[in-house]
Amino acid sequence: MNDLYPPLAAVKEAVARALAEDLLPLGDLTAALLQPDVEGVADFVARADGVVAGSACVWETFSQVDPSVSVRWSIDDGAEVREGESLGQVEGCLASILSAERTALNFLCHLSGVASLTRRYVRAASQASQNRTRIWDTRKTTPGLRALEKAAVRAGGGVNHRGSLSEAVLIKDNHLGGISMTVAVRRARLRWPGRMIEVECDTPEQVDEAVEAGATIIMLDNMAPSMVEVCVGKVAGRVPLEVSGRVSLDTVGDYAATGVDLISVGALTHSAPVLDIGLDLIERR
Amino acid sequence: MNDLYPPLAAVKEAVARALAEDLLPLGDLTAALLQPDVEGVADFVARADGVVAGSACVWETFSQVDPSVSVRWSIDDGAEVREGESLGQVEGCLASILSAERTALNFLCHLSGVASLTRRYVRAASQASQNRTRIWDTRKTTPGLRALEKAAVRAGGGVNHRGSLSEAVLIKDNHLGGISMTVAVRRARLRWPGRMIEVECDTPEQVDEAVEAGATIIMLDNMAPSMVEVCVGKVAGRVPLEVSGRVSLDTVGDYAATGVDLISVGALTHSAPVLDIGLDLIERR
Amino acid sequence: MNDLYPPLAAVKEAVARALAEDLLPLGDLTAALLQPDVEGVADFVARADGVVAGSACVWETFSQVDPSVSVRWSIDDGAEVREGESLGQVEGCLASILSAERTALNFLCHLSGVASLTRRYVRAASQASQNRTRIWDTRKTTPGLRALEKAAVRAGGGVNHRGSLSEAVLIKDNHLGGISMTVAVRRARLRWPGRMIEVECDTPEQVDEAVEAGATIIMLDNMAPSMVEVCVGKVAGRVPLEVSGRVSLDTVGDYAATGVDLISVGALTHSAPVLDIGLDLIERR
Amino acid sequence: MNDLYPPLAAVKEAVARALAEDLLPLGDLTAALLQPDVEGVADFVARADGVVAGSACVWETFSQVDPSVSVRWSIDDGAEVREGESLGQVEGCLASILSAERTALNFLCHLSGVASLTRRYVRAASQASQNRTRIWDTRKTTPGLRALEKAAVRAGGGVNHRGSLSEAVLIKDNHLGGISMTVAVRRARLRWPGRMIEVECDTPEQVDEAVEAGATIIMLDNMAPSMVEVCVGKVAGRVPLEVSGRVSLDTVGDYAATGVDLISVGALTHSAPVLDIGLDLIERR
Amino acid sequence: MNDLYPPLAAVKEAVARALAEDLLPLGDLTAALLQPDVEGVADFVARADGVVAGSACVWETFSQVDPSVSVRWSIDDGAEVREGESLGQVEGCLASILSAERTALNFLCHLSGVASLTRRYVRAASQASQNRTRIWDTRKTTPGLRALEKAAVRAGGGVNHRGSLSEAVLIKDNHLGGISMTVAVRRARLRWPGRMIEVECDTPEQVDEAVEAGATIIMLDNMAPSMVEVCVGKVAGRVPLEVSGRVSLDTVGDYAATGVDLISVGALTHSAPVLDIGLDLIERR
Amino acid sequence: MNDLYPPLAAVKEAVARALAEDLLPLGDLTAALLQPDVEGVADFVARADGVVAGSACVWETFSQVDPSVSVRWSIDDGAEVREGESLGQVEGCLASILSAERTALNFLCHLSGVASLTRRYVRAASQASQNRTRIWDTRKTTPGLRALEKAAVRAGGGVNHRGSLSEAVLIKDNHLGGISMTVAVRRARLRWPGRMIEVECDTPEQVDEAVEAGATIIMLDNMAPSMVEVCVGKVAGRVPLEVSGRVSLDTVGDYAATGVDLISVGALTHSAPVLDIGLDLIERR
């Protein structure tokens, strides 16, 4: 599997947790009404256009509920799907299929929702910037699902900002206080050699200071596109610039048009609506 | 704590998982630049109007990061907050506060988002039905967060549909096949005495059959308001009726106006945007 | 697998826990004396008559200890076994078989004990009531084994009362206090629509009140059979009635003869003696 | 705490698991009907005579459900309690008390059941042997509860046989095969120096061989009391002797009268009925 | 697998933990640069002479990262490997191989380091004592790795002292205080029948007392070889003797030459340097 | 606590795991011989000079074994301790102190060993380079202890290289293959914007290429000091340089004297001998 898929360990653990939520202690009361030897074939069908992510969670869900159910998947994470199109099929014990259905869909619809929203931002930013500006995610992820959501962002065409507080330095106002940005960057470089050291700036003057200080990336915080443009001009490619704040699907093009390198969007992971996908029973025997 | 709060066990486990995602293995690289004896006071401030949920996760997050940070909370889950209003304050080691900030906010903003969206549906349904129609959630929850999201729905004024497949019987088309609804309900009543036995119906005729069969609740699936009205008239209060499918903030009032008992909305938990809440540092010493 | 078996997730986790108890840190000191290439065939043999449950735990135990040991099982959960009869065989590395033996038997004997005791109550109740009265379990389960024990009750022919406090409402004296049963039931129906709302009653008068209040099931608490009979007559099938308290194998027939719908028996899960099953080595090579 | 109590880690983990079984995902539906500010005092009362064990699980249960509930315990594990006697009281939020009640009682009643049954065997063995013969438990424990049940056996006055397969060597027929008992014991002593090396014997002749071989303890398997007496005479105190198999409350005295050192009883942990203990609400405010 | 390998459960859990440390949340950033269809063959090669242990962790690591990678292992745990020799090969998706490499090597190099150091002590002790004196490990293991390290000691030819505090009695000065060694041993024998009861002695006089008291093994604490020799002579084989303290590769031969039975060495598990093993890519396609 | 301490979550989990290894299922058999009301005071005393790390694990161990034991700690992680000096004291139930002793020491001695070895490398590198050259750790950590060992390196004065594969890009030979280093760096920068992108170089020519390619740090792999010096001269401070391979306490000074920025040493975490620290009982009452 390529890097649009999350680490297997994250998939296994998240699925186990979700199934425990849905099946314990008595199992699926309703599926218990079916004869255990009834088999079925069911089809995952997109009910809207979007980008697929979370397939590995689907496979893992069926495997954990009943390893005898077979899954034939016909689409890669990151691929676009059209309303009415099939993503794949499952075949086997019908009771098992119905018991796994909702958990599998909860993952698939949520993560495809993240990928789909990401793709819209990516498209808008690319068009406005001749493919220069990239869409970055944030640490505003759903608790417990970070690895899965960050992979879904990659599936959508976005790139991942730091995975955790433990990965990179991001100096905001609150981290200063008595010391200058320059001192803070120097300290960070000494303490955490080699790391990305990003500095949050509110004004073009701060941007100058951050470049001087040796920030490896600069966040332009809550600036209007016009001010971003000034900063892009000043920095002239010496340090990558990130736009953060005030970004929506309406404004992302304006920001991208400034030539900024990265635009971070918390909404990718904290407010993406699901991509509607259903599981249709197409055969029963 | 009242029942608008989730079980403590669910809070502790979800917070531990989220902190592990964000702080391991090296801790907060940036907060490490602060002197450990710098203290601060910070204020949770709503950046938009909404309904609060998830407070227990905030308290637990600070407690797990650094038990010496004190939290003074000034609003109950389920209460409304206005843009600019404070929800509570934390005081103590500034590095600890900043390290815990994002995890605490990820819970608070997501769960308050669920509660806020629920409240909007609840309002619309109540107004259109003279407080008769209730808003019901679904099993379309974010994997791993079911207990927390279902509590947030309660905080928003909604009520909880079954917590899991193990809790109640909900007979859909796929569970039949060769046997009639009547037989299925009878089997369910024998197998799972005392349980809610809900039956999904697509037509008024099926509704008649379901009433006869002894369903304890009937789901009207994907019906237009006018057909719902017909069903409400037919059933005449003998069995509670649930509307499911096609419901949005635009249509919920029309459905409620039919006098139906319950309207279930998957979007409450699968597609609620966050409520924007920030943590402002208001003192540093 | 049909619904007489517990959810797979519950089996896997319980077995992993049990093996950790028995094999860590040094493994099986005694089996280490065997040559690793010695193989064996062993036979699970009932040492008494009873009903089988817990087979899935046996398969899982061998699989977790040594996936190369093969298990051939010849009896379904819920089936009766006679003293001396074989339930199944395992074949493979003898050291692995001996290391897994006790853990596998601990599950099998305990859960078959639950199923066997249940079957005795079920038989007695059925005979006295022309198959009308069902045996119900309780939440008095062994901590950590609820899913497995509730499945064993089903294997024994019993039915499951609520799986947890989170599943249904059961109003006892202690939940009232200032408010009437009628108010309590109304509140419960509003708060938890569709749920089973059971009410505990000590007298026929309370039973009348509970029926009026709309209880979906009524528990007759600690009543003598004669008073149960009065209640059955009064209610006349409008609401299912449960007998609880004072029930033993000696009295269950008397209670069932009243025509009550359900008799709950805590002893099924809290005091069932094991069904004696052994593992006999029948071949060694 | 003395050694009649289990390790704290075992208590915390078992309680967390049990509460998750009973309270997730929605919490206690019924307790939710109470006003959260109603407080109560409740009394743990024995409904039968017996020996107490599992108190630490009670304290931990209330602490995990609601740390503000206070527990005042008035009896030590291992002490005898009479029908009607109080074991301790809890005081605080009534909803929390009721939510924790069943989990606390499930531990307390089961573990006190183990201790009580153990005490009966201990009494019978002591009386028949002038306090010489001790009662030993086995590895036939309830999966997941070994640490707690073995502590309950100690509370009952019994002693613990090996805690796991990893702790000691117990050579049975199946472990031999081609090699003599003497060779097996020698191998075991080399492989696991210092360990208890117990050998299972079916005849007095085997007992002679086991003594010669240097077994540190000898298990007399399924022998009648008269044959046990022969073995006790032969061994004459050189090696401790254990009786195993055929032991019940009816026969334990006969075996003890032979002067054997230890009698192991699987039923202590696999078939002990609960000690009936209830929680009575004695004040409400 | 023979008893030089740890219980499978310990392997699975330790590997899962280690992979979570190294791959979450974003996976292997560098391997993501490879095309997912590039395959490779890589060879585990010893960079120094030593004894192999931990192979099961290697197999499990690749299995958890990517079950499609095949592992062909050519050496048993406990076997000696020479610098430049191959231990085994892995073949499959190159990105998966590189992602698993470090975790697999961390286990293999550490555990082989433990086995290799053990082997050196074992050799020295055997030579000086005509194979009489055995090397014993201690509870000074790396937290979380006890089962794996104790197996590595066995692979190195050493034997395992008690696996935990729960397994055997070891009476040191601090456990006495007011009571004599004789009383302590008697209490221990009563409380924990059948167990190893080791007593720590500082002088030959204490050794006499310990023998009298019935210790099943005696630890000679921090004695010079000459004093050990005195004790060995006194005890004359009645009770096994352990040397503890002051033991290094330089002195172990002198201690063994005294004829003592066991020499315990904490350094086996707390201070063993790794055995240097690398993973060489030998084919790429 | 400052950043020389690991995240609290890592401490709690590692301690819980270690205590489970040492105390389950029966607890501390030997401490059970003590009267539970005997109290003691014990002193952690260094038996050699070194640097302290792991104190938080000590506090947590006593807290998890028995919260009533008090710990008074008198030294910070990162401070030097001399042979015979006290690090802190514990006071309370003697049985609890003895039960916790070994687990607490296993953490403290191992992590202080890591810190002490790090300090020696740091000293040597600083002296030879006028404080320019820093000591870097690696991913060659003990499985399960990465967060704790990386904190111990910081306590020793070293700095942390990437915490995991998920944190930074490190391009080695095996990651190329058909593509040039320049292409690889460009891909990495696109895929993982802002990240450290380190490139492994074997020759000065590769170093030139890596600088051109835009590597943010360059690893000089297995070079002699003289060749390192050439590279340092060529690069002239444009990109930080890391020496890796062939480094020991004997050679670290030679490498540092070249003026290189960072020297990575796997031995810090994979082969550090323990710092010998004991727990002396100084009072008993």
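Residue numbering begins at 1 within each chain, and the chains themselves are lettered A, B, C, D, E and F in the order written.
By definition in this document, a contact is a pair of C-beta atoms (placed from the backbone, for glycine too) under 8 Å apart; a residue touches a chain by one contact, two chains touch by 3 or more.
Just so we're clear, the structure is a prediction, and the values are computed from it rather than from any experiment.
> Can you name the chains that touch chain A as well as chain E?
Chains in contact with chain A as well as chain E: B, C, D, F.
> More than half of A-E's contact pairs recur, by residue number, in one of C-F, B-E or C-E. Which one?
Among C-F, B-E or C-E, the interface that shares over half of its contact pairs with A-E is C-E.
> Higher C-beta contact count, A-D or A-F?
By the number of C-beta pairs in contact, the winner is A-F.
> Compute the distance, rounded to whole Å, between the mean C-alpha positions of chain D and chain F.
Chain centres of chain D and chain F, defined by C-alpha means, are spaced 43 Å apart.
> Please compute the C-alpha centroid of chain E, do the same for chain F, then give the distance between them in whole Å.
Whole-Å distance between the two chain centres: 22.
> Measuring from the mean C-alpha position of chain D to the mean C-alpha position of chain E, what distance in angstrom results?
A distance of 33 Å separates the two centres.
> Name the residues of chain E that each touch 2 or more other chains.
Where chain E meets two or more other chains at a single residue, that happens at 3, 21, 23-27, 31-32, 146-147, 160, 163-164, 166-168, 191-192, 195.
> Tell me the shape of the graph of touching chains, choosing from line, ring, star, complete and other.
Topology of the interface graph: complete, with all chain pairs in contact.
> Mind pulling up the chain A residues that touch chain C in the complex?
Result: residues 16, 19-20, 23-27, 31-32, 36, 64-66 of chain A touch chain C.
> Note which residues of chain F are touching chain B in the complex, please.
That would be residues 1-3, 6-10, 146-147, 150-151, 160, 163-164 of chain F.
> Under the stated contact criterion, what part of chain A meets chain B in this complex?
14-15, 17-18, 21-34, 38, 40, 57, 94, 98-99, 102-103, 105-107, 109-110, 113, 139-147, 164-175, 177, 184, 187-188, 191-192, 195, 267, 270-274, 281, 284
> Note which residues of chain B are touching chain E in the complex, please.
By the definition above, chain B touches chain E via 21, 24-25.
> Along chain C, where are the residues that touch chain B in the complex?
Its residues touching chain B are 3, 134, 136, 159-163, 166-168, 190-196, 198, 216-217, 240, 261-262.
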